[in-house]
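Some structures to go through are shown next.
Across the two complexes that follow, chain A remains constant while its partner is chain B and subsequently chain C.
Entry: the complex of A and B
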């Protein structure tokens, strides 16, 4: 016991020094300066991005639209996650479980209405709101514990949460129906869009709306006073406290916000297939989420977009490869399930070596260099 | 407002206006297009199978056999001049993966029909999707009663006897052979286990003890210990092969001696003895059931024909109950495709199966009709003796309701030339 005590104390009680994640993080954001209203600028950006994606979904076949929808659902999660890990320095490995919380909430709410014969367009937004609320509550509980823990200890606790999901769903089979999971009524496009409107496009629009809302809110949040507090707490807790920031409260709030986003993402993810099962939220999902935001660029919302895209494309990679190269049955079987993990790991290593700031950091560096070169002749 | 902001705003407004213009005309055109998956030379169908994961032992060989049978049919000219292309996707027996691969098959690969999607928990979660896409969803490889809901899922059909039919027949035999014995149930923690238990309890009343397992958790020790503690003399087990092996191995390890009566889906002797290795002697005396010719019955003409196909197209895999299953199901599909006519459509295929009347390797008739989408109507019991699994006693039929369990006496059919149906 005595041997473990010093490390335990240093992990739990001591206010953390500078976050070990610091090397991966972008520098302090440039001062906003007099650039007009942040909200208006972000709103215009969101409308622009949304319109682009809607245009895209109008052209895409059903399966690709479903992929777009999945990217948007994951974006809700990665955006909230990157704020927590990247901007507040709290490493959670339980975001897969938080997604599951949101997904099961949506399923249970929708089933409750369905069993009572209640139907209506308002059930979907209501169930998603319930998902956000339930997950934020779960986030509050975890966050309260998290505010007392640092680094690997926090990761350990949240890891336990992630492994809890399948256990809970199989022990309380009466409510969650074990491995088989729950089904609820599928979301169909409204009639005014026409009889032949692609259901997958409608799903993509729902997910897109959720993602835009999440990113818009988060973008404003991280540029606000609260966002500055997040960074201050991450960089130096003692300094933050001296500056009058309530460290624990900031950390708990960050966890709640991040959990709410994960709940929304999980809920939307469940809506896409109108089912939820524990197999959707294995431990690997939480690890994949972390890798995705690190590869995308920790702490940046643009990086979260990269991460979400990666998460979805890598899911289909093994079947794509086996179809293109007609591999032998045995090899194809071994690749299924393992390949995504291997590729993810490889990309992670390469990105960390070549561009520690993640894909978004690399893009920004390249763009800055190009801009600089263009300016030279003008001078 | 700064110039950049103004520019972005202008662009956003313009794009938003453009985006509102719907692209619906395109969708209507696509809906009216030809039958998906059917060309003059090919019929593309797809399936989801547990090539990896907890259900892979045994089951991963089914689709190889189905594919081999289609290669055999294709080598003889296909069905109405069309070759059958069978796309097999691995879902690892994980319902979350099934949703993904089935969507890929239907939306991206545009298959004509789904054939033999394997698993109760896996396939249950794609029923709604299959329904909205109106894809024929034939011969789901599972005995859940979920597939027999024509009002809710008009394009989904079962194939094997459902677990309630099977449970009733197994329980009837147990009641005759072990009057007054303590009978217990061990089942998968989903509709598979529940449907089986429902059938057993229809005949025996409440069982003395019941335990379940979860496919993601290999620890069956506590469940088996509880059955032992309850003093069970007969255990009726609704389990996939991997878990039959685990449960019986665990029972032997704990010195728990009972008569095991196992559902056909988890009782293939070749698969189980591979799983158990040196410990395979514990399978001696195990009672199970089946509805297809037994692979060890080399005098059976169906087994002879299937063995020929197996040696030519599927020699890398052992010929076992899983292979016979794959061949027999593929045979019924060719019958259905023939019945759908020279120019099959999705509607014609569903209608053809609904009419029923197929006879093939199976011991009993199918139950297909306009309002029943269930497959084989009964089973015959078999037993492992001296390392071989063979039938004994009569063939029984019943339904999943309150119909009595009756003996079925009509002799089995013989295969047509090359084991390829002609009508």
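Entry: the complex of A and C
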């Protein structure tokens, strides 16, 4: 404290020294300066990734484009989820229910406009914004409770939240239409793209935009003062508090941010099929999401991308197997759904036991080892 | 009033099952300081074994024995093969591995037995007997209450009156010191898991006939309720788990009876949150909650 004061008083334009919290960051500290601003760097990355995916969608057939769209929708959720679990150490099992909140909000808003005969391009972004707001509010409520709970208790409470979706949709049948769920007008490509523009490609673009925005915002958030507070709270609450961080407020905010992302992802997910039903948000969805962020490496946004891709592709595994090995009907029916479940469960266990850093961490470790081995002969 | 009595008796009977299930959770919490989120899936797996044996031999009691035996084996297996190797650096790791086990067990059950509901016959009549004009307990309810009571008494005797129970308590309470005194702590841990899974298996066999039947997801909600019961009683207290189970069973019975069955999950969440926010250590704890 006293050491920094003289330089501050003399007004020397000294570059900000590395914060003591910097050691909490994985890897080398990314100081602003030679590598430019963090925001610009992330923005360039996002634009590049977006351009690549847009080029990709121009080549793909409809079903694959829908898969891309689903990956992007799940990426919104997993990115926010991994920040909460990996960087803040709060294990929520209720993110499937938060996705449902976002999805139902989109459906209700779109239906409200549709019933009044209002149409327009602005309804979709408005409904998605409403989904983020509603889910962030739900996240605030859960987060306020969560900030007082630890480890298994928080997991138990959020597990109870995840079982709530079918119950709520049945209790308020008048609003949510019970098991049947809600339909709303499907999103169509705008006229200027041509009459024969593939609708799935348009959906993929919408989902892509949402995913890029989410990841960009989170990437900057993680690198900010708030991101460092998140990690400090995760690693040692007492030390974080001594360092002047408001522990409970940080935890609640982390939950709100994560919930908002889940709401956006859920909303986009609903837009892809123009329907919502409680059956789409079962308890396993929350466990699938957990698998996605664990396999990618907890707390890593790049890992969240891996996870979202695997989440979508692995669910097609049974049909792929059935086609390749021409399995009998009975066996195929039993594998349907269950095989993906088994693979997800195995992945969760094996990754936690063998490589707690996840795929991303494993790749990094292997790369570091290879580099070290190459260095040995030089000595 | 008749309805109230009917709901009370029904609540006590389902509460007894929740109590047994919560007891299984508390056993593992005391032995290993972790909440076994795979308890429900493990109980379903043993219930499948039990009913497969029961339908093959035609005897419910052989099936019950097979389920409890399968529970002992499964519990020991899970501890020896999985939980032993989970890193303890982060308390979330154990929860995540347990959840992976849930997915795996449910998927394997679905692949082997199919995803449909399988009928599970009760060994006794499930229609309520009328006592002085009031519908009271059914013979099956009496069997459930009796079975849970016997298990609770046996566990209490095991832990307080036998050398092995003393060793188990010592190993959980002070592992280092116990090891110095010649207690095989790792075997006690395995034994704790086996016992807990056997109690869970019994609870599973008891609860399945009262529901829609046997199904890979039959225990999802039961687990959440049992977790609530264990939290109400305090995760550290076996007596609390029993009282918590009965209490939660009664409350849910009234809620379901007066407000409709769809409100059950909502009531569970409200109850869980209320207990955790007002008395985080459970109703029967004397320990102070941690505050930062």
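Note that in this section the second predicted complex is superposed on the first by the 326 of 379 C-alpha atoms of A that agree within 3 Å, B and C clash if a C-alpha of one lies under 4 Å from a C-alpha of the other, contacts with A are read in each partner's own complex, and residues count from 1 in each chain.
FYI, a residue touches a chain if its C-beta (ideal position, glycine included) is under 8 Å from a C-beta of that chain, and two chains touch if they have at least 3 such contacts.
These numbers were taken from a predicted model, which means no experiment stands behind them.
Engineer: Determine, for the superposed arrangement built on chain A, whether chain B and chain C clash or fit.
Structural biologist: fit
Engineer: Does the superposition put A:316 against chain B (first), chain C (second), both, or neither?
Structural biologist: So A:316 only meets chain B here.
Engineer: For A:170, using the defined touch cut-off, is the partner it touches chain B, chain C, both, or neither? Pick first, second, both or neither.
Structural biologist: A:170 sits against chain B and chain C alike.
Engineer: Is A:125 contacted by the first partner chain B, the second partner chain C, both or neither?
Structural biologist: After superposition on chain A, A:125 lies in contact with neither partner.
Engineer: Examine A:241 and indicate which partner it touches, taking first as chain B and second as chain C; both and neither are also allowed.
Structural biologist: It touches chain C, and chain B stays clear.
Engineer: Look across chain B and chain C in the superposition and give the shortest C-alpha distance you find, in Å.
Structural biologist: 5
Engineer: On chain A, which stretch or stretches are contacted by chain B in one complex as well as by chain C in the other?
Structural biologist: Of chain A, residues 166, 170, 337 contact chain B in one complex and chain C in the other.
Engineer: Residues of chain A touching chain C in their complex?
Structural biologist: Touching chain C from chain A are residues 85, 89, 91, 93, 145, 148-153, 155-157, 159-161, 163-164, 166-168, 170-171, 237-238, 241, 247, 283-284, 287, 290-291, 294, 334-335, 337-342, 344-349, 352-353, 356.
Engineer: Quick one: in the complex, what on chain A touches chain B?
Structural biologist: 35-36, 40-41, 44-45, 47-48, 50-52, 54-55, 58-59, 61-64, 66, 166, 170, 173, 177-181, 183, 185-186, 188, 193-200, 273-275, 277-280, 315-316, 319, 329, 333, 336-337
Engineer: Quick check: in the complex, which residue numbers of chain B touch chain A?
Structural biologist: 1-2, 4-5, 8-9, 11-13, 15-16, 18-19, 22-24, 27-28, 30-31, 51-52, 60, 64, 89-90, 92, 94-97, 99-101, 103-104, 107-108, 120-121, 124-125, 127-129, 132, 189-191, 214-217
Engineer: Under the stated contact criterion, what part of chain C meets chain A in this complex?
Structural biologist: Listed in rising order, the residues are 34-35, 37, 82, 85-87, 89-93, 95-97, 99-108, 110-112, 114-115, 217, 220-221, 224, 227-228, 231, 260, 262-266, 268-269, 272-273, 276-277, 280, 290, 292.
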